[in-house]
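Two complexes follow with chain A in common, the first pairing it with chain B and the second with chain C.
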Partner chain A sequence: MSSLISRPWLWAWLASAVVFALSVALSGAGQAGGLLYAALSFGAFAAIVGIGQMLVVTLGPGNIDLSIPAAMTLSGTLALKAMGGEPGTALLGLGVALLVGMGVGGVNFALIRLLRLPPIIATLAASLIYQSLAIWSNRGLRIKPPVALADFATGRSLGIPNVALIAIVLAIVVWVLLERGVWGRWLLATGQNARAARLAGVPVESVRAGAYLSVAVLAAVSGYLLASFSGGAALNMGQQYLLLSIAVVVIGGTSIAGGFSNVPGLWGAALFMFLVVSMLNAYGFDAGARMMLTGVIIIAIVIAANARRSRS
Partner chain B sequence: MSRDNHRQPVVTLTGVSKSFGPVKALDDIDLTLSPGECLGLVGHNGAGKSTLVNLINGTLKPTHGEIHTPYARNRRDSGIRSVFQELSLCPNLSVAENLRICHGGLSGPGWRTRAREEIGASLSRIFPGHDIDPNAEVDTLSIAQRQMVEIAIGFAPRGSEARLVILDEPTSSLDAGIAGQLLEHIQRFCDDGGAVIFISHMLGEIFQVTNRIVVMKDGRMVEDRATEAFCHASLVEAMGHVAQQAHATRRTAEMLGDEVLTSPEGISARRGEIVGLSGLAGHGQAEALARLYLDSTSGWSARREPAMAFVAGDRPRDGVLPLWSILRNASISTLNAAARWGMVDRRAEAATAADWQQRIGIRTNDLGNTITSLSGGNQQKVLFARALATSAPIVVMDDPMRGVDVGTKQDVYAMIRAEAAQGRTFLWYSTETEEVCQCDRVFVFRNGTISAELSGAEVNEERILAASFEMQEN
Partner chain C sequence: MNKQLAINKRLAMKKRWVSPRILLPLVSFSVLLIATFALQERAMSYLGLNLLFNLTVPIALATIGQLLVIMVNDIDLSVGAFVSLVACIAATVLVQHPWLGCLILAALVLAYAVIGALIHKLRLPAIVVTLGMSFIWDGLALLILPAPGGTAPTWLRALMTVKPPLVPMAVAAAVLIGLASHLLIIRSGIGTVLRGLGGNVRSVTRAGWNDTLLFALAYGLAGLFGVLAGLTLVGLYTSAGANVASSYTLLTIAGVILGGGEFVGGKVSPIGAVLGALTLSLAGSLLAFMHLSPDWQIGAQGAVLIAVLAARLLFNRHGASSNAIAQEATA
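After this line comes the complex of A and B, so read on.
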């Protein structure tokens, strides 16, 4: 039992369950299925970018990617432009999104590595460039995604939203990589003590490059899916995912100090972040009170989870 | 400030036990220490020495029994000072500012001046001729200089006076000359009525400086006698080790393989050779080894058969991955070689770790415990296992025996000899001349360059010391 309580993923899931129960208590059990479906759909995007942010945060103090919103916007915009709404171009769009992700990740890492910029500055400054590229290539057009792709992005299989299935598969892949893979061990070692890891034979430079490439590629995939899901790319489509990507990492139990990742907790946190807003909506709070309460609740969860961990 | 009552003990322990959860670290300890005594505390890694120290200085509370410290005036100043083996200075503060941390009396305008004077005086008293600037930030000092500062803070009056100074492995990063100064100071301090607890794995020092020896084994005191009652062999035996065997024969160039390594500094090594790096601490040996390792391996790719493996001596900085278990710490360097499709072969990982636990004697009942649950010497064994378990033909060791007990040292010496006989090359930097004398060939460093290359019969303490100091006599 004590080992269960000390599991850092537990708190995010517990919080999600409580918030879910409170919402259902108000709106009635008939709404439970719909609420869960919506949480899975919207949580999926936060989970995908959160996984990427988690990998970078695990590298250790100072590592963060603030270019996630711009990467999502650029990828969504360029992918929709390449597809032009024509049928049968979904894979072309995905290819464009992946290329954008690798380009963004490569530039970010090059700035950090070659110019020795702190990641927080490098990714923030570079995100202005990505955002400008998106504006420049968008020019006010609103291109619709191919119908089949839009149907897939908003559709479901076995009762679960397709985007959530993709996010779950990605989470499982990253989880296995971290728990069982050599690369995962290397990442966790680098995050604990980069010098010791290097002296133990860990290729820390490629581990770092891999983390920054992964976060950008995941952001790009998320942008591609979000643009298809919401019927087109918009210049502010990534905006809310900056705070969201960091919040799900922290609430999910990943160590901000590096060296410890938590994939299950991250999914719990992604659901929680959607459910808490919808609960406050259901209880009729206005926008100001909603944001304030969201902030207070996030802080409370993080404190509770950390207090548990330091005691155990 | 006079030591009015010389009869009264500095500290008395009656029936003291200490448990950490199910682990009994100390069991029923009775100990009395009087002014003027220098007590040597010896025992294997994990015998309970550090726990005993932490009970005496008040960091830990005993589970059972009583500790009486009559000279304690208040909670802040008991007159008991501890100097730790793991350096505990704040690296971003100056030497003088570090004194302030444990000396609350330094306050008000001009406290920095008074701190500088006090620490400067203490350093000069213990280490005459030292070159440490009290204004220097600690992270600009070498590891030996930091240790000297820590010792000087321990002996500084700090508003009252030091009654009992506990020194935990104080000489492990000091060279012979500086260590000698410290031993002389300890003798003066005890002659003036101070008390010292001296923990060391270097038995020569124990015999030289102490007048009473307590031997600990598995959390119990197994011997408590005057130093004269022991001889080297009987002391080692009391700790539960077999006395050291004669040196293995030193091999010469003809008996070894081809040259496998040369460095810009002029270090070279042959296949199967054990090459020592010596000289005074902080003269560029550690840096040369780290540079050699970093230049010979890549931060971009990890080969299945690495060219080199590294054994760290500065454990927190260069070696230990603190969030992980013993198992994961031991296996990190060999994961790639045993991996299939990029996945860790967990069965092979566990088998290798269990094998090395047995071979090198890591004292734990579960390799899944965190690495930080081990004592310093046992953590060092894990780092040894990490490097030796690789297939690397060259092993680089940066003063790897800090805090390792005598018995384990002998085992590791034998292990290194055996590995070398099978063709492995070792580069071994050590601050202990005894260890360097295990090597086939020795490079002596002075001011960042090699001042002498010794081989065969030349490898002895006199030659090494001569080469370490030569320039300074001119």
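After this line comes the complex of A and C, so read on.
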């Protein structure tokens, strides 16, 4: 029992369950299915970028990717432009998005490695350039995604939103990779002590490169899906995902100091972040109060998680 | 003993009249300024300089606030939201009920100090706590001013449109901010202790200081500079909104690093940070003078940031060699 309680992922799921119960208590049991469906849809985007941010944060202190919103916007914009709304181009769009992700990740890591910039500043500076690229290529553009792709992004299989299925599969792949794969163990070792890992023969720089490439590719995929989901790319489409990606990583029980990832907790946190806003909405709080309470909850969770860690 | 003497001598020779930390920000700023003047000589006038730099005044103040937090090895992701909130208060409450407005602003500075103490006392990650705070500041700003609007207090408007003789307001303000923060952070006793906090907290506490109070002081000062940034912003824009300064979070971090600051060790330069803020805004306006599309305005800031930091790599080679000497000494 105590081993269950000490599982960091439990808390994010518990918090989501409480918030879910509180919203259903107000709106009636009939709304439960719809709420869960919406939480899975919107949580999926936060979960995908969160997984990427988690991999980078696991690398250790100072590692973070601030270019996620710009990468999402750039990939969504370029993918929609490449597809041009023509039917049967969904895979082409995905290919463009993946290329954008690889490019963004490659540039970010090159800046970090070759110019020895702190990751915060490297991804920040590069994101300004990606943002300009997106503005430039998006100018006056109003392209809708191909109908089939839009239907897929907003559709469901087995009662679960397709975007959520993709996010769940990605989460499972990363989870297995971290728990069972060599690269995952290398990543955790690097985050716990980079020097020790290097001396033990871990190719630390390749591990770092892999993490920065992964976060950018995941952000690009998320941008592609989000643009298809919401019927077009917008320049501010990625905006809220910078804070959201960091928040889900931390609330999900991943250590901000690095070396410890938590994939199940991350999905719980992604659901929680959506459910908490919709609960406050249901209870009639306006936008300002909703944001304030979200902030209070984030800080409260960090304090609680910290107290738990220092006790154990 | 002889070895120690020789090392000291070599270290002394490395010391120049101007610290290398400030040299690169100074050079990069000068290069951009000369380029701007070459492209548009009318910028080289009283009015031109004011137009170039007046929007930089609030950014420079906010950058000093960010610098104070980075100085103690933390990072503040809530600067943008905080400055927006202050602007919203200044454009509404401060106009209608000046005393209440002042009281709220003082309470905000106090809140910053409390957050600093809390982060340190409970060993919380600053990046996440300030992230949470940014939601709170944003929410408060929306409560106070749901839609952009409001009016600037007349005294603030008068202050920001003052026309001093010889140099325009923006330049005078930048010099003033740079010098005042230099005196506070580099020259004053308490500033040195605060920088020591970023270097080694334990040695500061061993010297008899209360570390929690010092962290509160550093964050409180950061809050004070944030308040000043919000006030000057309203004085310039004459109205406010909940998102008016949201770009400041990233701009201020960039400014501090561009100005020669480092994320760890309390190694910062206030004058460099002010120059960094000026450089970033110049990078944006330079494009307009080159008749390039405004689409690339933000991108130019990123490119300048990368270029300057790449140049810093060369400077650091020098720094690295003097570090090596110091390491030799401690070994």
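What we mean here is this: the second predicted complex is superposed on the first by the 312 of 312 C-alpha atoms of A that agree within 3 Å, B and C clash if a C-alpha of one lies under 4 Å from a C-alpha of the other, contacts with A are read in each partner's own complex, and residues count from 1 in each chain.
Please note the rule applied: a residue touches a chain if its C-beta (ideal position, glycine included) is under 8 Å from a C-beta of that chain, and two chains touch if they have at least 3 such contacts.
Quick caveat, the model's predicted, so the values are computed rather than measured.
With both structures fitted on chain A, tell me whether chain B or chain C touches more of chain A's residues.
C
Does chain B (first) or chain C (second) touch A:G201, or do both, or does neither?
first
Scan A:M292 for contacts with chain B and chain C and give back first, second, both or neither.
In the superposition, A:M292 contacts chain C only.
Touch test for A:V250: chain B only (first), chain C only (second), both, or neither?
Touch partner of A:V250: chain C, not chain B.
Contact-wise, after the overlay, does A:G259 reach chain B, chain C, both or neither (first, second, both, neither)?
Touch status of A:G259: first partner only.
By the touch definition at the top of the document, which applies to A:N193: first (chain B), second (chain C), both, or neither?
After superposition on chain A, A:N193 lies in contact with chain B alone.
For A:W183, using the defined touch cut-off, is the partner it touches chain B, chain C, both, or neither? Pick first, second, both or neither.
first
Provide the residue numbers of chain A that touch chain B in the complex, in ascending order.
Listed in rising order, the residues are 180-183, 185-186, 188-189, 192-193, 195-206, 255, 259-260.
Where on chain C is chain A touching in the complex?
Residues in contact with chain A: 75, 77, 122-125, 127-129, 131-144, 146, 250, 253-254, 257, 263, 293, 295-303, 305-306, 309-310, 313.
Under the stated contact criterion, what part of chain B meets chain A in this complex?
290, 293-294, 297-302, 306, 309-310, 312, 317-324, 328, 332-333, 335-336, 339, 342-344, 346, 386, 390
Could you please specify the touching residues of chain A with respect to chain C in the complex?
My answer: residues 62, 64, 66, 111, 115-118, 120-122, 124-129, 131-133, 135-136, 139, 243, 246-247, 250, 256-257, 286-299, 302-303, 306-307, 310.
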